[in-house]
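In what follows, chain A forms one complex with chain B and a second complex with chain C.
Presenting the complex of A and B:
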């Protein structure tokens, strides 16, 4: 019959040839290759300071008859180090998930056991099929004052280890990055880029739990990012792009009130609109276009404050009101 | 005259706003009042949450270990149930009517304010007394703000807590440690309520859209 034995890296291993006497004549093989007699002590096989390369099948044959007397599979590995455990809620208020990994491999099979305690209650963390080493929990209650404690134990044939994390419901909220980020040039506007994106699909209820966004952009040729924080809306127009330069743009999301920022979204590239070189306008056409735009009504600068993303709080309401009235009043006078 | 025309436009905008099908049938000034008040109340909860972080830090240090340790995670004792809890079943929270939602907030902060005022009378250091007094004043403002929203939406204010809080002797903690535990849980519940209120008022904002959104549309279309 066949056995498996697990041994630590660096250990000294003694293999007995089954029930054979110590002084019996035997031959040992490792993965089919004969082992030199110098490693034998009688019929015992001695392996000193084993390393990973010595894992394999070891067989013991009776000297003359070449009968197989004993066979074992040696697996050299290590007891587990303290695992790394992270818990995160990317789907608040539905629940959270925890994922884990070992900082260094053990080279032998490991079993993970996870337990979640909320106050005095035990909760079940359902293991995910994909990816492995991940489980998820549904919140039964919201706005809890009691912390969650998640303990992860990892066990293998050579030992065990564990780690635990304790956290408040709000502390682990971190959405996934925004999706479908698109950046487009704006026709006839050499300094603008229109960026739009979508809420991450894992965020279940953006109506009651709105997200705010952080946009960063820079021309490829520069290292310094420019940032814009947007408290609502899933689009923004960059108005200070350098003409003709290719830009790299990313967006991040955060619950309006709690938790931390998501990772940055996939980066998108865009270049602002530039005038076609072959359609060079004549001097006359240039002056015509310039005077046309100044004679049509231009909104006074104060209305810029009403642009999406800049309006926060009730103070801005009064400004919008005033600006709206001013626009209304002027347009009546000019009709 | 230009002034007359401006007023004409103003009343036109107001009438157009009030007749938009999306809005509930409230008269113009009430609609503006509720929308703005909800936003103000929301902003106030965020301000208080920020203030509380500093206050709680100072207070827990005053209580000393283990209360000021970040990992401190004591079991909830039965006596702590007197402090109103923000914890609620998810589906229940979603299904709350606007009235129930606002009333829960109003009742909770009224009681929390009472407990905080009792605390204020007992703390040792002048710095803490000053911070607590300031916080209580802001919290009072929050209670009034919530009351204002309820009134503008036509909801009755919930009855105040039954009588003044029990005299200090009644439910007083039997020892110093348990008294500190009471304080710890009070601050924790307050913090959680402020997080919850942000979400409550977000939901209310959607139900009663702020006037600024519709007004902006009108101005641009003009």
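Presenting the complex of A and C:
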């Protein structure tokens, strides 16, 4: 006869050859390979301190006839640790979902059982086809102060474990990040970037349950983010970008009244508009371009280029010697 | 066309709804602050479960999205009238218990009571706009509740404030539903219709 046997990692396992007597002559195989007699105690197979690699099919044959007397599939694994359970509503006010996973694998099949109670009322959490470790619940009531309690039990052949979370309706509301974030330069505006986005498609009714947004942006060359909170609308114009610097921009969303902020959206990159450099063929034109370039290359407010004493010229095109050399070299690159 | 559907009425409704939403938002923020202060000053556990208390209108509602505009307004009005009486009672009890020792809590309670009264009036304005009769308040009021111990009074107060915070969120949602234009005419939906 053949069956499956589950054993814990590190356990000592004794396998009997079916109904054969202890002193019967037998041969054991593991996955078709003979097992050395040193592992036998009479006709019993002894496996000490089993590990995962010893999972497999074990067969016992009568000594002389090689009749198969016993067969088992040994699966070495672990009892489940306390599962990790999270519940969230990304489609308020329709409902919420709970998802779970084990912190460490068991290496053997597990069964999960979830129960949801709202006050004293049992609710059904419908399992999702994909992913398998998730189920969803439709809200039957809104605006309730009564808490929900979700209990998850995980069971396998070697043991069971469970966890529970308790929360109220508002606390788990967390939208998905905004979608289709787009950032574009604004023509003829070297310090502006126009950012737009859309409500997450999973949020069912943004008109009745409006979202507010948080936008963060920084030039790639700096670590510090600028933040802007926006109570309505799905666009914003950044007006203090550093000219010519590439920016990284992200947006997050939150219900206007309840819950927590979404994760940040996918990051988008954009560089403010800069004036096109003119093509040069003569030295005079190089000089001309140098002057024109400085008018569009605006230093960040806190950046110091040179000492006032080294400044040549005046007005909007005042430039110091060192900056002039730098800019000239920069301009030459565009020829 | 009924007066309630005239363009000026629609504008007035939208204006009242917008102001009501802002009032509800401010009220909720103040109630949440008051809740924190109340829990601390009354020596309560913020996570304590409080059973539904008789006379405290529950914000919880089934099939919220199927409610008509009239239902929303009437339920809101009944709730805030009840909260007006409950908060007045809490104020009296708080003065009896703590007297002048905690004038700050008393002032915060009184401020929220004022907002609740204002919101109730705001709801009456919306009902008047729809030419709906405003339900009268019971002349004699509900029968006086049985005398509670001080601890029971504190727990009831916790329940009142928690439920009021929920109502403030619900009211903002209700008013947004009311302010939605009708898909057919572009005007706000008649309150007798399902939104």
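In this section, the second predicted complex is superposed on the first by the 278 of 335 C-alpha atoms of A that agree within 3 Å, B and C clash if a C-alpha of one lies under 4 Å from a C-alpha of the other, contacts with A are read in each partner's own complex, and residues count from 1 in each chain.
Note that a contact is a pair of C-beta atoms (placed from the backbone, for glycine too) under 8 Å apart; a residue touches a chain by one contact, two chains touch by 3 or more.
Just so it is clear, the structure is predicted and the values come from calculations on it, not from any experiment.
Undergrad: First (chain B), second (chain C), both or neither: which does A:149 touch?
TA: first
Undergrad: Who touches more of chain A, chain B or chain C?
TA: Counting residues of chain A touched by each partner, the higher count goes to B.
Undergrad: Touch check for A:38: first (chain B), second (chain C), both, or neither?
TA: Neither chain B nor chain C is touched by A:38.
Undergrad: A:93 contacts which: chain B (first), chain C (second), both, neither?
TA: Both chain B and chain C are touched by A:93.
Undergrad: Can A:140 be said to touch chain B (first), chain C (second), both, or neither?
TA: both
Undergrad: After superposition on the shared chain, which partner residues are touched by A:53: those of chain B (first), chain C (second), both, or neither?
TA: A:53 contacts neither chain B nor chain C.
Undergrad: Applying the touch criterion given at the start, work out whether A:120 contacts chain B, chain C, both or neither, answering first, second, both or neither.
TA: So A:120 only meets chain B here.
Undergrad: Who does A:209 touch here: chain B (first), chain C (second), both, or neither?
TA: After superposing on A, A:209 lies in contact with both chain B and chain C.
Undergrad: Once the two structures are superposed, pull the chain A residues common to the chain B and chain C interfaces.
TA: Shared contact residues on chain A: 93, 140-147, 170, 207-210, 257-258.
Undergrad: With touch defined as at the start, can you tell me which chain A residues reach chain B in the complex?
TA: Residues of chain A touching chain B: 93, 119-120, 139-147, 149, 166, 170, 207-210, 256-258, 306, 311, 313-314, 316-317, 320-321, 323-325, 327-329, 331-333.
Undergrad: Residues of chain A touching chain C in their complex?
TA: Touching chain C from chain A are residues 93, 140-147, 170, 207-210, 257-258.
Undergrad: Along chain C, where are the residues that touch chain A in the complex?
TA: Going through chain C, the ones touching chain A are 25, 28, 49, 58-62, 64-65, 162-163, 166-167, 169-170, 172-173, 176-177, 180.
Undergrad: Can you check the complex and tell me which residues of chain B touch chain A?
TA: Of all residues in chain B, those touching chain A are 2, 5-6, 9-10, 13, 36, 39-40, 43, 46, 49, 71, 73, 75-76, 85-90, 93-94, 185, 188-189, 191-193, 195-196, 198-199, 202-203, 206, 210-212, 215-216, 218-219, 222.
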